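Here chain A shows up in two complexes: once beside chain B, once beside chain C.
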Partner chain A sequence: MITPPEISWVAIAPDLALAIGAALVLLVDVQWKPAPRVLGWLVGAILAVGAGLTILQWEQGADALASGDTESLVAFSGLITMDGFAIFSRFVLIAATGLGLAAGWRFVVSLGRRGAEATALVLLATTGFSLMVAANNLVMLFLGLEVGSIALYVLAGLARERRESEEAAIKYFLLGSFASAVFIYGVALIYAGTGSFEILGIRQHLNDFVISSPAVIYIGIGLVVAGLGFKVSAAPFHTWAPDVYQGAPAGLVGYMAAVAKVAGFAAIARILLTAFSDLADTWLPVVAGISVLSMVLGSVLALVQGDVRRLLAYSGVAHAGFIMTGVVGGATDGVLFYLAIYAIQLVGAFAVVAVVSGPDGAGSSLEEYRGLGRRSPLLAGAFTILLLGMGGLPITSGFVAKFGVFTDAWAQGYQWLVIVAVIASVVAFAFYIRVIVVMYMDDAGDEQPLRVGPERWVLALAVGATILWGIFPSSLLDLAADALPI
Partner chain B sequence: MGKRMVETVIFVIAALAALAGAVTVVLARNPIYSAVGLLGTLFSVAILYVVQLAHLVAAVQVIVYAGAVMTLFLFVIMLIGVDKEEKRVEPLPRQRLWVGILAGAVILFAAGVALFGEFVWVPAAATAIDQEATNGTIQAVAEPLFTDWVLAFEATALLLTIGAAGAVVLAQFKRKRA
Partner chain C sequence: MVPVGWYMALAAALFLIGALGMLLRRNALVMFMCIELMLNAVNLTLISAGRAMNDLNGQVAVFFILVVAAAEVVVGLAIIVAIFRRRATASVDELSELRG
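The block that comes next holds the complex of A and B.
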């Protein structure tokens, strides 16, 4: 006789809402063929429900933590948790999805009858990544990763009419599958070395036993970090990023990049800082090395790009390096704060790209931004603030985020890493300034103001968040500090 | 000759067959040969599963991979045309050499680690599995699948949905004239 499993609806409520929402979008589209506007409201409602349920989870999790009852935070026989870390990351994911869909909505509408499938794929990708950030089990984490990634591969190829989009999808798919295989092999080796798939089980094993010859575990950690490093486009696993960012439909790139980074880094932080915290001496140098390589390579290569999307891709590589310094610093709140800030800025920056190069355009040459300051002053102003925020100018949120991860790494004894990171930030500033100079100092070839659709709300929110949390960061910092993994 | 010896011999034969199949997949000029090579690899791996007493996995491997997936592969190859041999023009002359050297170095490193590194596998993982599971019965697989792992099982349903929706959305498109 099989005893039925215990179902914890609370633990999966937001994911369930998103998954059911995706099915609903598909079915409503088949049955009633609604206008894009109706579809938009439906998706908005689904995301609002998901976000609301996430906030409810937060309350529940805070109660459980206050009463010291961490057991109740683990659900489904240890497959997933609802600790603060998971809920915070999940909220960031849902917020990025809402903003990203708004930024890409003109593209979704331009797909016509295929728009519903595209929307459903976005919702499913978020569901997958949301399960991934909550996973307390490496198998569950892998499944979430695959659900999210495979949906993203399809999204990259949505503008298949253009060769670039097809190329982006194929490249992303082939390299991504390879990275997933590397990741799962690492998981297998970790299982062989510790006898457990569970994050907490692995930590327990490493606590209880002295590992006399840990080669298997070391290789396992290395492969897992390599696999996830691909997803967050950390060097040397970043080569796909510029081509995919350039080829994928402009409206959706911000969403794709943001959720992959958030989920990937949440998984890296959870695995390294929770499961393998006892082996920190072995993985710290490796992660610090990846961090340095990403920062240096990303910043230097971004300097020479003539295309804004490729520039943002390489700056994303540099940002992956900055976030890695937070992982080296060993504090999850710095990483989470950075992720939240960066995800919003990234979606905002790509909303500008979507306006300038058209919702499904290929590439976004720097030439197109010439004289944007005169052509569309508000758009150029928003882009300027977002770029300065990414660069980490004081009184923007980017500065607070960088300051946080750098101080963590400094306290951990990685002063040299922080020094490299600060130099890389200065170099990174140069290419952000370069875009700004092009926008304001040059004459426009075309004086016609650009048409801004729903992107304006995304930009307003992103700019607002960048300035607000740059001046009053404590509201978000406190939340991130409460968002601890179990 | 002990049980261990028999296992080792079977392992070596099946592993060599699997490798030979994999090499055929990469080197064969005719795609049909590649497909048949893959079939050989899949069957050899199924034998390895049987040696590990995972009879159900072995059966699934044969039915799903060697049966269904291979049929699909052959179907696609037949649709595209068997007689088209690959053109032997080298588009990436230098990269291929570097990749070869790199792959060789990695393989040597892995072999070195396997030979000289002291690997310790955790026996706890093996003892945790009960006797029924080691007999490879369907029940022993099904019960954890629908109890402890039910959420992971359901998450794979999302994958199928993505597959269906993704295929629909990618298949319907009109190529703009370049």
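The block that comes next holds the complex of A and C.
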């Protein structure tokens, strides 16, 4: 007798909406060959449905947590959770998808009939990562990770008329699959050591039993962190990031980088802080080491880049280090707040790149930004605010985010890590300022203003969020504080 | 009966061979095969651990990894073929146009 598993449609409603949406986009495209505008409205509606369902989930999850009924938050026999942590991350993912698609819309349109495939791939990638952040089972987490990653490999190579796009795709694919294999081997070792794939089951096991073979579990944790560290481009697993950011279609890089970072860090935080909280003494030094290496290497290497995309890639490595300090601090709300803020700023910054060097081009030399302040003052102003926000200037949201993760790490007894992090932030300021100086101090070779398409909405929202949550951060901080993992 | 530790050791050796091949070989196709070898080492680990603990979860997980590996083959070979068509080489050393 086979008992059918209980199916909780509520737990996967947003993911289902996105996956069905992806199929719908392809079918509608084949049947009616709609104009890009129609396709845009369709994708917008799909994302709105996904976001709306996520908000409904939040209400339900909050009710269950308030009544102390955490059992009802786990669905599909323990595969999927709908705790606040998952729902908050999922909402950030969907928001980043909407902004990222708007930033890359001119590229999608330029693909012609292949545009629908690109949007379907974007929706599928978001579905995968959204399942990944909600996974309570390491195999489920791996499946979500792969659904998202494989779609991103294709997106990186989508501008296949250009050699650089192909090169970015093969580099991303080979190193990405390598990291996935490392990750799943870590999961297999953890399973061999604890007898469970479930995050709650692993915690239970480590609570109840004296571990018979700790080495297997330690190696497993190390491999899992290495595999996910690759996805979030933390040093020393960051080597792919500059090449992929530089070669992939400009319009979509912001989206690709943002969702991979959000999902990867949500998974790292959930695995380390929930499943292996009892072994914190073992993994804390390793994560702190990765954090220091990322911050130092990212900040220093970003200083010598002559290409804005590579600069943003190395700044992303440094940001991975800063978010890692939040993981060391052990508080999920700091990490979630940082991820939300950084995802929006990253998509916004790459929207500027897409305007300056074209939505499908490769590279974005610093030379092209010369005199941008005079050529397109609004665009340059938006980029300045986003860069200062990434740098963590007070009264921008970046400052609040950095302050949050640093205080968490300080309270955890990692004062030296915070001191390194503050020094790295100051160094990081140098290269953000360098871009700003080039935009305002130098003369433009070309005085023609740049044409800004749908990117203007992305920039307006990203700049608004950066300033608004810099001055009044409590609205988002309160949400992040409620978004606890089970 | 062979003790389960031997299977795990064999899997670890296969995984290491795959990882080393990935790092040392320069042909995209061979690197790709090394990734497949690593995934199969994972499968062997899961099967033997599941068998040792009399737990079905480990053996079921293998099917999911097989499916993921198949999906990776589809995308990976497509990318490699696209590159080979244009450059008539599958060596990753030739791919060095992106630098800053």
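Some points to look at:
What we mean here is this: the second predicted complex is superposed on the first by the 484 of 486 C-alpha atoms of A that agree within 3 Å, B and C clash if a C-alpha of one lies under 4 Å from a C-alpha of the other, contacts with A are read in each partner's own complex, and residues count from 1 in each chain.
Keep in mind that, in the parts below, a contact is a pair of C-beta atoms (placed from the backbone, for glycine too) under 8 Å apart; a residue touches a chain by one contact, two chains touch by 3 or more.
Bear in mind that the values here come from a model prediction, so they are computed numbers and not experimental data.
Shared-chain residue A:A120: touches chain B; no touch with chain C. Touch criterion met: A:Y185 reaches chain C, while chain B stays clear of it. Contact with both chain B and chain C is seen for A:I150 once the two complexes are overlaid on the shared chain. Judged by the touch definition given at the top, the superposed model places A:Y440 against neither chain B nor chain C. Of the two partner chains placed by the overlay, only chain C lies in contact with A:G247; chain B stays clear of it. Contacts of A:A22 after superposition on the shared chain: chain B is touched, whereas chain C is not.
Using the contact criterion defined above for the overlaid structures, shared-chain residue A:W457 touches neither chain B nor chain C, since it reaches no partner. When the two complexes are overlaid on their common chain A, residue A:I12 makes contact with chain B while staying clear of chain C.
Legend: residue contacts after superposition of the two complexes on their common chain; A:G195 is shown touching both chain B and chain C. Note: residues 139, 143, 146, 150, 153-154, 157, 160, 163, 191-192, 195-196 of chain A belong to the chain B contact set and to the chain C contact set alike, using the contact criterion stated above. On chain C, the positions that touch chain A within their shared complex are 8, 15, 18-19, 22, 28, 31-32, 35, 38-39, 41-42, 45-46, 49-50, 53, 55, 57-58, 61, 64-65, 68, 71-72, 75-76, 79-80, 82-83, 86, 92, 95, 97-100.
Partner chain B is touched in their complex by these residues of chain A: 2-5, 7, 12, 19, 22-23, 26, 76-77, 79-80, 111, 113-114, 117-118, 120-121, 124-125, 127-128, 131, 137, 139-140, 143-144, 146-147, 150-151, 153-154, 157-158, 160-163, 191-196, 205, 211-216, 219.
The touching residues of chain B, counted against chain A in their complex, run 113, 117-125, 128, 143, 146-152, 155-156, 158-159, 161-163, 165-166, 168-170, 172-176, 178. Interface residues of chain A, counted against chain C in their complex, comprise 139, 142-143, 146, 150, 153-154, 157, 160, 163-164, 166-171, 173-174, 177-178, 180-182, 184-185, 188-189, 191-192, 195-197, 242-243, 246-247, 305-307, 310, 362-363.
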